[in-house]
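Next, two complexes with chain A in common: one pairs it with chain B, the other with chain C.
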Partner chain A sequence: MNVPAATSSLSPAILALAEPPARLIDTPAMDYFLIEVVNALRESSAVAVARTKKLEQEMVDAGLLPPPGPSAVAGASAASKRDSSFRDSIGSGISRSESAQGKSLVDDEEEGVRQRLEAIGMHVGANIAERLCHDRSLFTDTLDAVKFVCKDLWSACWDKQVDNLRTNHRGVYVLQDNAFKPITRLSTWEGRADGIRRAKLYVAMPGGIIRGALARLGFQAAVIPEITQLPQCTFQVKLPKG
Partner chain B sequence: MGPPLRLNAVAFVSAQNHPILIRTFSQPKQDELKYHYIAHTSLDVIDERITAAGATKSTGCYLGLLYVEDVAVYGFMTPTKVKIIIALELSDNVVRDADVITIFKALHTAYRRSVANPFLRLNVPSDNVTDHSLLVAAGGQKWKLFRQRIDEICGAVTLPGAAA
Partner chain C sequence: MTIYSLYIYDRHCTCVYYQDWHRSKPPRPSVEGGILPAVSHQVNPIRPDETTVAGPTYTNPRNTLTSMSGVVVAVNDDTPAPSATTQPAPPQSGLTFDEEAKLVYGVVLSLRNMIKKLSGKDEQFVNYRTSSYKLHLFETLSGYKFVMLSDPNTDSLRFVLRQIYAGPFLEYVVRNPLVSMDSKERGIDNEYFRTSTDRMIRGLSVFQ
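And now, the complex of A and B:
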């Protein structure tokens, strides 16, 4: 039952400001955009990796760096990657230490794309969470926040709710979606295994969205997406106990 | 219709209790510091109310009238732990809760629209721990639109209401 505005001592202008009309987005356009984002970021990441490698090479030539032994390369590339990531405004704390020996150029680029996608996802997730909290009451505990992610965030982003939520009551939650929207239409010529490998990149941004939303609500979480079978995706969320 | 509500000041405080923006609209310009002080005091009162509400399991966002010290101070805490504090001038007519909640919702909308802009945070990693260093910059040049939105809300509040 709506209270008529005339009984309020506020003008209609502020009522309009308090409840702005919802801005909607065209879903197929958004889906195409998200698919192309991965390709565009792959190019961008290749350019960034080439740039840091060139910088390293120049420093080695100028004698500022010791000639590349395996540990020196890892140290220099980790440092310069951190610099370039700050400049490109990605700050996710993904560990780079595994990149020590035998790291091929392709892995560097994949990791770069994944970091960028996750950083974009974090920003998007934080702001979507802020928007969805507009009419809500405060969160009572961690489980309440995870349920908010499973229901409100999932319906806003992917038109359905999470199919299965499991927890070990010690801060680890597993969210399972049997037909995760970004990867439902994914297929490749080379078979299931290759499809799963490629899909891993497309779930990096949704993982970032979940992580960003929880971060804005005040919970520092680690989110790990896993795909075993193509349209089904699980996200393992590790929250500090509390 | 009685005289409209007069909004004296608005303060946003981040989740880590760092001030984001404190904006005053009262006539005498030297009162800015007083509202900084009021915002600071309100944080304690908000903490009390939140722990009290937590004990009784009631989780509303609107915290009601916090205290009165020649202005009436109302508080609101969003689920993302951002606190909004407003100071309304004391007046004789009844101030409805629903009206104050509407003002808070409009302020929250202005805040989240501005914060969603990625260009305001280009040079800082998206790390929540260091959030405060860039939010304090909300008084600076780049956040002009945020301040404009707040001014617009204040203007809308103090207009006379629709005729009954």
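And now, the complex of A and C:
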């Protein structure tokens, strides 16, 4: 920007206040950090789940909980999943209860990591939205808020805009991104299906960012990320009507 | 003027990646435990219960029915290679892959050390040539060694190896959340890295 000669009397400090220099971050550095965040949370979730299981085992030993028999295994595993989503294994037959419990340990940890990532995303999204909205007028309706998410939030976080927005006009919006940045470089040796399964974890935080941004703006939303094909990702946003 | 194969070794002296384009004899699958998992589907040890290639098929001149032009075919192909049963397998090289990889690394390491002793630590081993191939080396500061074999008349391919490092390696290996760098238990093979190096090599003027 050329400063005209008449304003050369302004000190550089005032000029800097008028047009703050853009503070940029090196995106690879941010990516490396986020990779490590997931690894660290995985460890932390494993420790938390192990602690809960140990506690439960002690309670069982002390006789406060019914001992895990074949019919009570499903009950015990139901209790351990109290704070995570309801699972099919609870309704499963007795013969599956053993494998269900083994699988539920890994699922518990994965679910723990996912919840922590989403919680982090909610705080981050709320504060980003606060910053992005500081000079904006009020939202006229929910569609306006979703469009803000699609354009401003997406360009602030991932340098592009949402590729496709669909709605059923009853409060459900589907945001589709054909090359979602956090998962563009995700690739495994085992094949695409495995890649899709593991990518679910890495879209948990972006889902939380969307949810947190909408929550800070006053819209209680449920956000469900879905991946059918790398690197395409869709977010289903359910907003209450009005 | 063509390029035969590419090996990548990490700083723990193990082979973490292998890819080839032209070979006189296809590599023999390595013995169980000889190489790390995730180095290459082609040379993975075959377990006795596996009859067909389990992983996705990558374009490889040895596979029949895949494109022989320079363009990389879309990798959406999950059907196992039919060549396993339809035609007799071409004669395989005498060594298993893990031995071959160790030999290549040994050659590179010994030559490097010898040169440093002879001329001082500022000299760098760049390539060597025999009557049937030329071996190029590019070593990064982090200890990764990119080794490429090409036909004897090629000029130095160090710039190609540096391009592989600065491009596909940094993008799809370092920045890939699912690849653990510097692990002693896994290689770095993944789909995007393989297709992007393939595309880069096939696009070179020295290829074919």
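Keep this in mind: the second predicted complex is superposed on the first by the 183 of 242 C-alpha atoms of A that agree within 3 Å, B and C clash if a C-alpha of one lies under 4 Å from a C-alpha of the other, contacts with A are read in each partner's own complex, and residues count from 1 in each chain.
Convention: a residue touches a chain if its C-beta (ideal position, glycine included) is under 8 Å from a C-beta of that chain, and two chains touch if they have at least 3 such contacts.
Given the structure is predicted, the values throughout are model-derived calculations rather than measurements.
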item: Partner chain(s) touched by A:Tyr202 [first = chain B, second = chain C, both, neither]; value: second
item: Which of chain B and chain C A:Arg131 touches, first, second, both or neither; value: first
item: Partner chain(s) touched by A:Gly218 [first = chain B, second = chain C, both, neither]; value: first
item: First, second, both or neither for A:His123, with chain B first and chain C second; value: first
item: Partner chain in contact with A:Ala50 - chain B first, chain C second, else both or neither; value: neither
item: Partner chain in contact with A:Leu105 - chain B first, chain C second, else both or neither; value: neither
item: First (chain B), second (chain C), both or neither touched by A:Pro28; value: second
item: Chain A: partner with more touched residues, chain B or chain C; value: B
item: On chain A, the residue positions that both chain B and chain C contact, one per complex; value: none
item: Of all residues in chain A, those that touch chain C in their complex; value: 28, 31-32, 34-35, 38, 185-192, 195, 198, 202
item: Touching residues (chain side chain A, partner chain B) in the complex; value: 3, 5-15, 17-20, 85-86, 89-93, 119, 122-123, 126-127, 129-131, 133-140, 212, 215-218, 220
item: In the complex, chain B residues that touch chain A; value: 1-2, 4-5, 15, 50, 54, 57, 59-61, 77-81, 93, 96, 98-99, 102-103, 105-106, 108-110, 112, 115-116, 118, 121-128, 152-153, 156-157, 159-164
item: Touching residues (chain side chain C, partner chain A) in the complex; value: 37-38, 41, 55-56, 76, 78, 170-172, 174-179, 187, 189-193
